[in-house]
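Chain IDs A, B and C follow the sequence of writing; residue 1 opens each chain.
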Amino acid sequence: MPHDPGHEKRLAESSVVLPPALPPFGQYVPSVLHDSRLWVGGHFGTRPDGSIHVGRCGQDVSVSVAREAARSAAINLLATVREALGSLDRVVQVAQVYGVVNATPDFTEHTLVIDAASDVLVEVFGEAGRHARLAVGVSSLPANLVLEIQATLVVAP
Amino acid sequence: MPHDPGHEKRLAESSVVLPPALPPFGQYVPSVLHDSRLWVGGHFGTRPDGSIHVGRCGQDVSVSVAREAARSAAINLLATVREALGSLDRVVQVAQVYGVVNATPDFTEHTLVIDAASDVLVEVFGEAGRHARLAVGVSSLPANLVLEIQATLVVAP
Amino acid sequence: MPHDPGHEKRLAESSVVLPPALPPFGQYVPSVLHDSRLWVGGHFGTRPDGSIHVGRCGQDVSVSVAREAARSAAINLLATVREALGSLDRVVQVAQVYGVVNATPDFTEHTLVIDAASDVLVEVFGEAGRHARLAVGVSSLPANLVLEIQATLVVAP
């Protein structure tokens, strides 16, 4: 790495506390690292007591609670990134983020919800955290999760 | 770049007119460029008057209008690509396109809709515009968008 | 390629029989190969008689049948990979898999369904088949497909 990007320092000075990385639900791995790329699978949000954020936006989950789920999902994703890389300082750029929200057909606030995840990435990585994004609503998610966040990162080999 | 791939020339000779690149809805950037890769976030379709294509296929949006939205979304995506690269001639290959259609459960014509976006890419990039693709229907999109198109491109550094 | 990863050998010794690669539904190509990356588009499942798995989980498709569709979709995807690469032995790592399940809002077993696709990849590629994954439910898919599987692979150039 040519220089210190300051990600770990920003994290330590932020309100973000990384939990242990979560094991995946099914027959896959939390992330795959190859050369300068880290592919991170879908991550969900958890509450401070460790329970999983479940429910549907527009039905039994408010935008405010969905934003908490999105922030937590991004933090859980960061825990996976650090476990894969050893240090967040190896992150060169968050390239792409995909946010999927469990929502009723009349729900329209997906952007506001997924912004809470994007905010975490910029809070920790600064300019290197600004990513291309797609946010959509879906009619169902595994185990009735409120949302999932997936990301592709460029990393220092 | 070893040679002129002719993308800008094909664009100039086509019926496609690139509008100004659209700003993103939320806390993200329209695209991320790193080395030989350009990740482009979700793009939606706009009408000639600048209004956004909203509504749901199978409900209040016909396949014909959804195809207009898809064509426009691809053109808006191209505007972002040109802004990021300076020139479309830096595009080596459109690798992957993901098309997400706001649709009722009984809608089945996603392929026909997203083909209108794919057609634009082949029209402008020729063989370099032939991409791998996934097209799905979802129950809701941000701001009730008709559809979103996302892409990953290989580019000349 | 520095050494034989044994993927073709594992395939020959497994219960997996690769069918001919399927042509795409619409205006796109089954996969795009560039340098060390293979982007594979959405693949669906087929029955032994060649018919396509259609229907919706939670409505007219059981988890058991959806798992057959997922397994078949992964096998169809492998057929595309082999056609693109000449040999599966060129696969260095399956990086990312995206599984999309046509499902009712109350369906929650997406993980179990998409695991049947992931299992095929590990069966054939061993450790190189362990991927990051996102699995979601959607309200509709092209032609009422039960599911689609998409993947990004690292390959030997």
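The working rule: a contact is a pair of C-beta atoms (placed from the backbone, for glycine too) under 8 Å apart; a residue touches a chain by one contact, two chains touch by 3 or more.
On a predicted model such as this, the values are computed, not experimentally measured, just so you know.
Looking at which positions face the partner, subunit A and subunit C present mostly different ones, since fewer than half of the interface numbers are shared. Between subunit B and subunit C, the superposing rotation on Cα atoms measures out at 120°, rounded to the nearest 5.
Spacing of subunit A relative to subunit C, judged by their CA centroids, is 25 angstrom.
Residue positions 105, 138-139, 152 of subunit A are each in touch with at least two other chains. For subunit C in complex with subunit A, the residues that touch the partner chain are 36, 58, 92-97, 101, 103-112, 114-115, 118-119, 122, 130-139, 152, 154. Touching subunit C in their complex are the following residues of subunit A: 24-32, 34-35, 37, 39-42, 56, 98, 100, 105, 138-144, 148, 150, 152.
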